[in-house]
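Next come two complexes, and both contain subunit A; in the first it sits with subunit B, in the second with subunit C.
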Partner chain A sequence: MEQMPAAVPIVRTTGAGVYTEVISVEAPASAVAGSLVSVRVTIKNKYSALIGIMVGGALKYGVSPWPTINFPNSWANFPAGASYYFDGSFIMPAFAVEIHAYSYYYGGDGSWHFDDEKTRNVSLEAAEAEFRELSVNYTKV
Partner chain B sequence: MIQLNYGDKLRFTCSFQHKGSAYTGAKLHAAIGNKGTFGFDEIINNETTVTGIIYDAIWQTYTVVIDVLITSAIAGGAYDTMVKLMSIPGSDIYWYGALGDIVIMGAAEFQSLSVNYNKP
Partner chain C sequence: MAQTKAPEKKADWLVPTAIVVGGVGIAAGLYLYLKKPMGIDPGGSFNVTFKFNYLGDGGTYILQVHLGRLYIGGIFDHVKGLSWSKSVVLPGPDSYEFSFKCDLPMATTPESYDGEAGIRVEGAWDPPYNYIGGPVYKEGAVQVREST
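Up next, the complex of A and B:
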């Protein structure tokens, strides 16, 4: 039987981390374009009881919509006061990125509600240019 | 084998692969001359700066054309070809054509003018 998220009975308009808090966003300070970048987002349940908490993430670097970060396991039920981390990843684009990590809680209305956010920058690590395989054809003009 | 006269051009169509950071300053240098034991003795050549190399996450092929004008600086005869990709990170990359594949026809020459005359 699939586990269901535990709900906060009273849904409040948040975005200020009323029920959850993004404690940390861990990622390398720099990465080479095209490489797989691992992200770990730790979230705390600030509510007084067990609630379902979901993680989300997106990359800000000049494209719209912001590409999302893949979290294979994106939610869990947290006991009151507990912290838990979610591991995710993305492919580094050819630009420095600003990771936006989000926390959501599951409300009594059956929906996930955005609650908190934290950011972290990953700079672009230069990969030296490489060249190979010179081939030539020639003809009279 | 390609035969060339003065004023002709030999067009080298060069392809190479790149990956990594965008790069400016790479040059392609094409020459006609003689390939010997100790290197390539260039007689005529041309060179171009390669532009438009952008960041490539995987190997990408670029093609660049460079023409070498056949001038009287090179005498008639059979010659070799060489192209190098230079001013790049690491060593230059060389390519050599088939030996003796280029034949320069040389300057027009005249001789043995002979004349007869009579009353018509």
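Up next, the complex of A and C:
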């Protein structure tokens, strides 16, 4: 049977890190376009009891909507005061990106509520020399 | 007294007539074939082949093709709807060759199109079309003819 997230009975104003805190966002300082970039987001439960916490992430680099970061396991029940990390990844675009990592808690109303955010920059490594002698031919089928 | 019947004359017009009719048919077919303009019918297909050397450590890339009009100065006017792509995974440094089929929409306007081809990364694909390989331009890459 699938575990259910533990809920915070009272939902408060969100986006201020009331119940959760994004402790850190770990990612390489730079990456080559097209490469797989790993991200580790550590979140802390600031609530006085066990609650369900979910991670989210998006990439800001000039396109809309912001592409999301893939987290295979995106939520867990955290004991009071505990910290836990979530691993995710994304394909590096041809631009420098700003990672936005989010934390959400599970409310007594049965919904996930955005609670905290932290950012980290990943610059683009020069990749011009990766492809050489490109030729393209068009032929009739 | 026995009568001898003169041998019946064979119809010698049959073979020449067949040759003439056949020749006319072949000539007509050849004329129609030659009269048909070169190129691809709207709704038809063409193949595009990328060849390149890759020096990176591996990754997922998109081979991107656009048809349009190339102007002096390298400005390329992309024709909406005439764009194709293929996702490829490159495990590491090597020489690679990929081909994929591009189907023209039935509503393609018959004319000569220039081609823009390049390599990009996954994700949203908006202007300014940042390529990390290429782009390579070819004038008159694809000729689309009147549908026959």
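We adopt the following convention: the second predicted complex is superposed on the first by the 128 of 141 C-alpha atoms of A that agree within 3 Å, B and C clash if a C-alpha of one lies under 4 Å from a C-alpha of the other, contacts with A are read in each partner's own complex, and residues count from 1 in each chain.
What we mean here is this: a contact is a pair of C-beta atoms (placed from the backbone, for glycine too) under 8 Å apart; a residue touches a chain by one contact, two chains touch by 3 or more.
Just so it is clear, the model here is predicted, and its values are computed rather than measured.
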| item | value |
| --- | --- |
| Subunit B versus subunit C as contact partner of A:Pro67, first or second or both or neither | second |
| Subunit A: partner with more touched residues, subunit B or subunit C | C |
| A:Leu36 touches, of subunit B and subunit C: first, second, both or neither? | second |
| Contact residues of subunit A, present in both the subunit B and the subunit C interface | 33-34, 94, 127-141 |
| Touching residues on subunit A, where the partner in the complex is subunit C | 32-36, 63, 67, 91-95, 127-141 |
| Subunit C to subunit A touching residues, read off their complex | 39-40, 44-61, 65, 101, 115, 117-124, 126, 130-134, 136, 138, 141-142 |
| Subunit B residues touching subunit A - in the complex, by the definition given at the top | 2-4, 8-23, 26, 30, 53, 55, 57-59, 67, 81, 83-85, 88-90, 93-95, 97 |
| Residue ranges of subunit A in contact with subunit B within the complex | 33-34, 94, 126-141 |
